[in-house]
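We just call them A, B, C, D and E in the order they show up, numbering each chain from 1.
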Amino acid sequence: MSNAISLRGVTKSFGRTEIIRGVDLDIPHGQRHAMIGPNGAGKTTLFNLISGRFSLTSGTIELNGRSIDGLAPHEINRLGLSRSFQITSIFPRLTVFENIRCGLLWARGYRYSFWHLLGGQRALNEEADRLIERLNLEDRRNVPAGLLSYAEQRALEVGITVAGGAEIILLDEPTAGMSHSETEYAVALIRAVTEGKTLLIVEHDMSVVFGLADVITVLVYGEVIASDVPARIRGDKAVQEAYLGTEAA
Amino acid sequence: MEVFLVSLLNGLVYGMLLFMLASGLTLILSMMGVLNFAHASAYMLGAYFAFTISQYIGFWPALVLAPLLCGTIGAAIEMYGLRRVHRNGHIAELLFTFGLALIIEKVVQMTWGLIPVPYRIPAGLDFPLFTVYGTQFPAYRAFMLLISALMFGAIWLGLTRTRIGLVIQAALHHPEMVGALGHNVPRVFTTVFAAGTALAGLAGVIGGNYHVTEPAMAFTMGPIVFVVVVFGGLGSLTGCFIASLLMGLIQTFAVVLDYSVADLLKWFGFTVTSATPFHEVLTVPLPRIGALLPYVLLVLILVFRPRGLMGTRDT
Amino acid sequence: GPATAQGTIKIAYTDPLSGPFAQVGDANLKQMQYILDYINSKGGALGKKFELVPFDNKSQPSDALIALKSATDQNIPFIMQCSGSNIAAALIEAVDKHNSRNPESRIIYVNCGAVATELTNEKCSFWHFRFDAHVAMKAEVMARALPKEVTKVYLLNQDYLFGQSVQRDVKAFLAKLRPDVQVVGDELIPLGKIKDFAPYITKIKASGAQVLITGNWGPDMNLLIKAGIDSGIDLRYYTLYAHIAGGAVAIGPGGDGKVRSVMSFNENVAPEIGNKEAEEWTKAFRDKYPFDFYAAGFRTIFEYLQEATNKAGSADPLKIALALEGLKHKDFLGYETVMRKDDHQLISEYFVGTFKKGVKYDSEKTGLGWATEATILAKDLEQPTSCKMTRPAK
Amino acid sequence: MLEVSGLHAYYGKSHILQGVDLAIGEGEIVSLLGRNGVGRSTTCKAIMGLVRPEGDVRFKGRPIAGLRSDQIAHAGLGYVPEDRQIFAGLTVKQNLELGLKRAGKFGRWTFDDMFRLFPNLGERQDNQAGVLSGGEQQMLTMCRTLMGDPDLVIIDEPTEGLAPKLVEQVARLLDEIARRGISILLVEQKLTIALKISKRLYVMGHGRIVFEGTPAELGADAAVRKEWLEV
Amino acid sequence: MSADATQRAPQGRTLSAAPGSAGLARRAWPWLVAIVAALLLPWLFFDWSTHRHSGFALTMLSEIGLMAIFALSFNMQMGQAGLLSFGHAILFGLGGYCAAHTMNAVKAGAMWLPVELVPLVGGLGGLLFGVLFGYVATKQRATAFAMITMGLGELVAACALMFMGFFGGEGGISTDRVIGISLFGVSYSSSWQVYCLVVAWTAIAVLLMRLQTQTPLGRMANATRDNFERAQFVGYDPRMVRFCQFALSGFFAGIGGGLYAIVYEIVTFDTVAAAKSATALLAAYIGGAGGFFGPFLGTIVVVLLQSGVSLLSNAWLLYVGVLFIVMVMYAPGGLVGIIAQHAPIARAGRLRELIVPYVRILLPGAFSVFGFVLLVELASFTTIGAAQGKAFKIGPQAVDPATAFPWLLGAAALIGGGLWLRLEARGFRARWDALMADAKAKGVML
């Protein structure tokens, strides 16, 4: 089956320092793929490369077999890839509802229209509301996003990301800073909204990773040291000593 | 050759005057991020103070007192106004200083009248220093050059020998944190703003009698100073210095080089007649464009290099 | 209208009272007030006093029009303006439109100094009366006054209607009267923007000009001359406005004998022609204000208005305008003047003055002052006009 | 070393801290536990003078409640905030430099110590701090505070977003800090560490201290855990 | 003219109909009321003795109308897209120049166009230049954008003095609005007719801008303002958003300029100059950039100050400055901000309980203001006014500023009023907090 994402010899350096050192990675359609690795390994950087925030130093990245070389983030997004951010990134002065709707607009083909009145777009608004319910934010619907609590903002972050119904979804530490219960809910939500989609997720919370992922890739100093099913990753010596430390054992 | 040399001197003097003004603003704009529209007003105040003081106790005391006065005013403004407004964001700050500019201009008009005041170059410096090809170079201009050079040195030391720069930049984003690390943020801000204002004041003392001391002087100097600072690049004193000289020279040489695009075209054997489209634009001589060259440069550099000449960060 | 009801005949006066040109507007205003007090002491008109209502126009046409609007709102019969031919042009059009649209609140435009030649030629209007010699006249005077040995002149003028007019007319008359003179430089500068004229001086020197001819006024005049004198280069200045507010100070002692100005009046005229009464009158102003009474000629203006209003027998602008047409009047110096009917241009005597030591009345406490070098009588000043005036139906 | 008694704090009208009492001795590691939103961070901020404290706060016997936070810092308190608050525009090195209370005046800690503890930072010392990875930023925050050579550090959730391995490294760092005779007030989500490294711990609930004791005691007291910690 | 008044109503209907025709009436009537009010206002200044409208009042009202369009279009950039422009006037002015040239062309018979559509030409001009300058300026955002627009502003202003052909130099381009072609057979020789045209166009433009905020572009403008990076990752090119927003605001600014050309029949360089741009900024901020109608309120204040107070007082600029500083320091949300603060209390239905407290602070407030104004006027009179030979009056009766009395009076009023105000303010705040708390309790905060 064709790959949703495939990286070939991807490298990225900032000035002299090489952060990503030749990563090859294939993520087939519909797979839930987790990426773990020590801090500063390059996970977020890799996300930034795939989503077009940074430009490649060398190598190729293909989405659904199409090279994204030289494409701007919004162009990549239009190819059906959507990402979330490790450091929460929402539209603070817009209401929760509008945040979600912004996530929808382009996907629903409104582009830069200044002749549609959003008030009139029933289908659009209903779709946004449905998602808000799933995010458990109904009662915060009309609150400016900036006033939400940290956990709620993380949820919204995920919401904006999945709103457009992108087929490939990248989540960067979606549950960071959430309490246990919140984390559990978030995981359930992620599982639900990414049903049948391709998911690439970065997490430091092992319960999440092992709970969610079909395949786990371990990134250390910009190199993939292992990529396998959870069970075997947990067993893998290299991984333990490079990342998990004694905790998992 | 003659023209070149004399213009070079003129350009240098004008450039340095610009620098004197701009240096203060670099502190305020590029360190505190305040688009200080009242900066040129401080320049004006400096000039008027100097005028009044020099009437009673002479120019030299004024050279010291006027800037101090401006500095004090600056400090007051920062402590009782700007600090409050800071919370409401940059536009608020900008408008605050804008309001100040209006008030100061009016107050100046109300105290010193609408028409220029006779603020003269001190007799001690009012003699031709030397003559180039029959054109005299007044000693006062040399004095201006000296002062601005000193200013440059002083500021440079201030910025490199202390951590003030760091503290301010950090405090722009996380003031509490900087405080929690043991730095007295408010005091630093006040100091910097006061220093900036004082510098503007000094520029006023020097520039007021070189040009004319009149209520409109702030308004006419305002924009160009921003151009210099932004063009030079936020957070870079050297950039500001170079930009000042550049602007000074450009404007001076533009005046003496009497060419137009049309002449250029003629070079390529294409003559512009009143029939050719845009002939008005093509035939306008350089001296007329001189005044707007700085803005052309500003726009160009910002479009292609938002951090300016030597800026440390994007504008 | 209310104006007369209140027992005064109002005259709206709009000029720059703030901004770079405020100095000129302010000085004009003070001199006018002094003159008006005198006129009123001599009985005003129709038994009423004249009252000046100043409006600041910041040297901007649009602001002048606002002033016009409030003037017509208050039924003020006269609007007066001196500084800025561009503003004058705008006012002429606006007054024309207003008077044709609102016959019930007409107004007369009294031009006291906006002298671009066009204004009483192509652009002339029935409602516009100009009480100062226009540029072409002054240019001719200047061309005639230019010494024989001068062969290289440099033209520097402000880039607007007036400056352009000076540039054009001076060149024309030089070509006509002094074909031997060569224009080595010809420049227009933005109005009231330039702070440092040193570069221009450099340029002028390089051009090898012996004489600088300029119509600059206000800061553009004072800064230019100051820069010139400071640079110590050997150059003579033939100007139209070196004698108005701030000029003398700008020139300073260094300019002894270097500067000429084509002027309607200077404080030494009266003593020179031995007109005691006039001298007393100007001296009285001198004792009151720190600057020259260069606009004493404005007295002629108000005497015309006074006479015309009385002749018209009412403050109705139309009647007054008709009364003004072709009116003759002997001015306070004793010279014959006339408000020419076909273009509403005042034809009066004019002077050329030199700024030098040893005059009876010095200027702005500099110790130097204006000595009259030549006097041109009205008849010699007169020039034909191309004005085709449309008069309102009576 | 630090005694807090009857500490109250408000955000606008909402009364967050309702009389917190706690004490920390020389070179002691004390943890402050509790659910999200009970007011642990607010406690830290109140002690540091970042939110206006009401009540009595004494450091080395000297009352510090009501002082400006920079004065408190000079008294010898250090604070590591939960939302890192690194100075994105400045380089890593400059960030650390700002940690110093007086330019060029080092105390127990030098740049090299930090770079030895966290090699990542060493590699990145001339990079803008803003580009650091989430984890690196967390480390930087801690180092920055230590540079100021505090006698007591308040550390708010130091392990958030850190890889498991690094979490242990941080734990070790805390030990080292303590060994250099510096007391620590640690706010932690991850019970495991808190229990492991701290001698005593407080549990907060509803803006009050609801439990004080040793890790062992807490381990024993299932009731408290149930009511105030687990979910 | 009455034709204009009616012709706009359907305008409103068709456009605002989109979001469910249910609340249509509800949404339409405030507009109609506003328009009617606008048309009635001038009659307050009508001089029945001479049966003439006050030209001054009409001009001022017209000015308010067209400046409101200008300020709102400015806010399309600042408020909506977070783009602070220092050169917005160039779009306004250039629109004006285009309109002026068009009218001259029509007058000369070179083309056919009814006066009513001239503002549209201005708008298209504004749009054209909006596209042109927008392409350059929107390459950057934040301060860089501000500085670019400042540069462009100064450039155009300088060009306006340089190129006679299009700008007419210092003289500007004067024109005649009586071009004899009209959709409704109106000559527009009287200011009243012109005013009606202004009202019509203001209503149209404001309505359109209002609706624009509810379009995808409008919303994404907000989004890019809040977090331009994130916008990229939901498929939008922030720069494109900025660009479209800029160009559109150019269109509306141009309409304002077109009206300016019609009202004043002359367009000079000061319509493109920095001061004009500043006016928009002032209006937007004083009124409150946060709410859509903020700039409109702001415009009213600013124009009244500029055209009204400036005739009464030399020191009007000083008042503007003070007003400004007071606003940014105590009411950063602008007028609408202040109004919005009352919303919860209103929703709690206890607004009327504020009336008394307000009256009580109004009195001392008025006192101290009077004192301040008196002092300023005295000062400015002694230095400037006297020179211009005006007489100094308090109300009808003249006073001699040379004597101590007026100064003492002023000082007393200022200080006394100030202290009293302090006192009352305390009571007011208490009341206010109480009501707020109540509102919170009732849960009507957001």
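Simple rule for what comes next: a residue touches a chain if its C-beta (ideal position, glycine included) is under 8 Å from a C-beta of that chain, and two chains touch if they have at least 3 such contacts.
What you see is a predicted model, and the numbers here were worked out from it, not measured in a lab.
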| item | value |
| --- | --- |
| Touch-network distance, chain A to chain C, counted in steps | 2 |
| Joint neighbours of chain E and chain B, given as chain labels | C |
| Furthest chain, CA centroid comparison against chain E | D |
| Dominant interface by contact count, named by its two chains | B-E |
| Distance from the mean Cα position of chain D to that of chain B, given in whole angstrom | 46 |
| Distance between the centres, which are taken as Cα means, of chain C and chain B, whole angstrom | 37 |
| Gap in Å, rounded to a whole number, between the CA centres of chain D and chain A | 31 |
| Per-residue multi-chain contacts in chain A, two or more chains | none |
| For chain E, residues that touch 2 or more chains besides their own | 158, 162, 387 |
| Residues within chain D bordering two or more other chains | none |
| Listing of all chain pairs that touch each other, if any do | A-D, A-E, B-C, B-D, B-E, C-E |
| Complex contacts: residues of chain A adjacent to chain D | 14, 17, 36-41, 43-45, 86-87, 149, 151, 173, 176-177, 179-182, 204, 206, 242-248 |
| Complex interface listing, chain E residues touching chain B | 78, 84, 136, 139-140, 142-144, 146-148, 150-152, 154-155, 158-159, 162-165, 274, 278, 281-282, 285, 289, 315, 317-318, 320-325, 327-329, 332, 376, 379-380, 383-384, 387 |
| Touching residues (chain side chain B, partner chain E) in the complex | 35, 81, 84-85, 88-96, 98-103, 105-107, 109-111, 113-114, 223, 226-227, 230, 234, 280-281, 284, 288-289, 291-292, 295-296, 298-299, 302-303, 306, 314-315 |
| Sites on chain C touched by chain B in the complex | 17-20, 22-23, 26-27, 159, 187-190, 193, 195-196, 198-203, 205-206, 219, 222-223, 230-234, 245-246, 249 |
| Chain C partner contacts - residues on chain B that touch it in the complex | 2-3, 6-7, 10, 14, 109, 114-116, 118, 128, 131, 134-136, 138, 211-212, 214-216, 220, 251-252, 255-256, 258, 287-288, 291 |
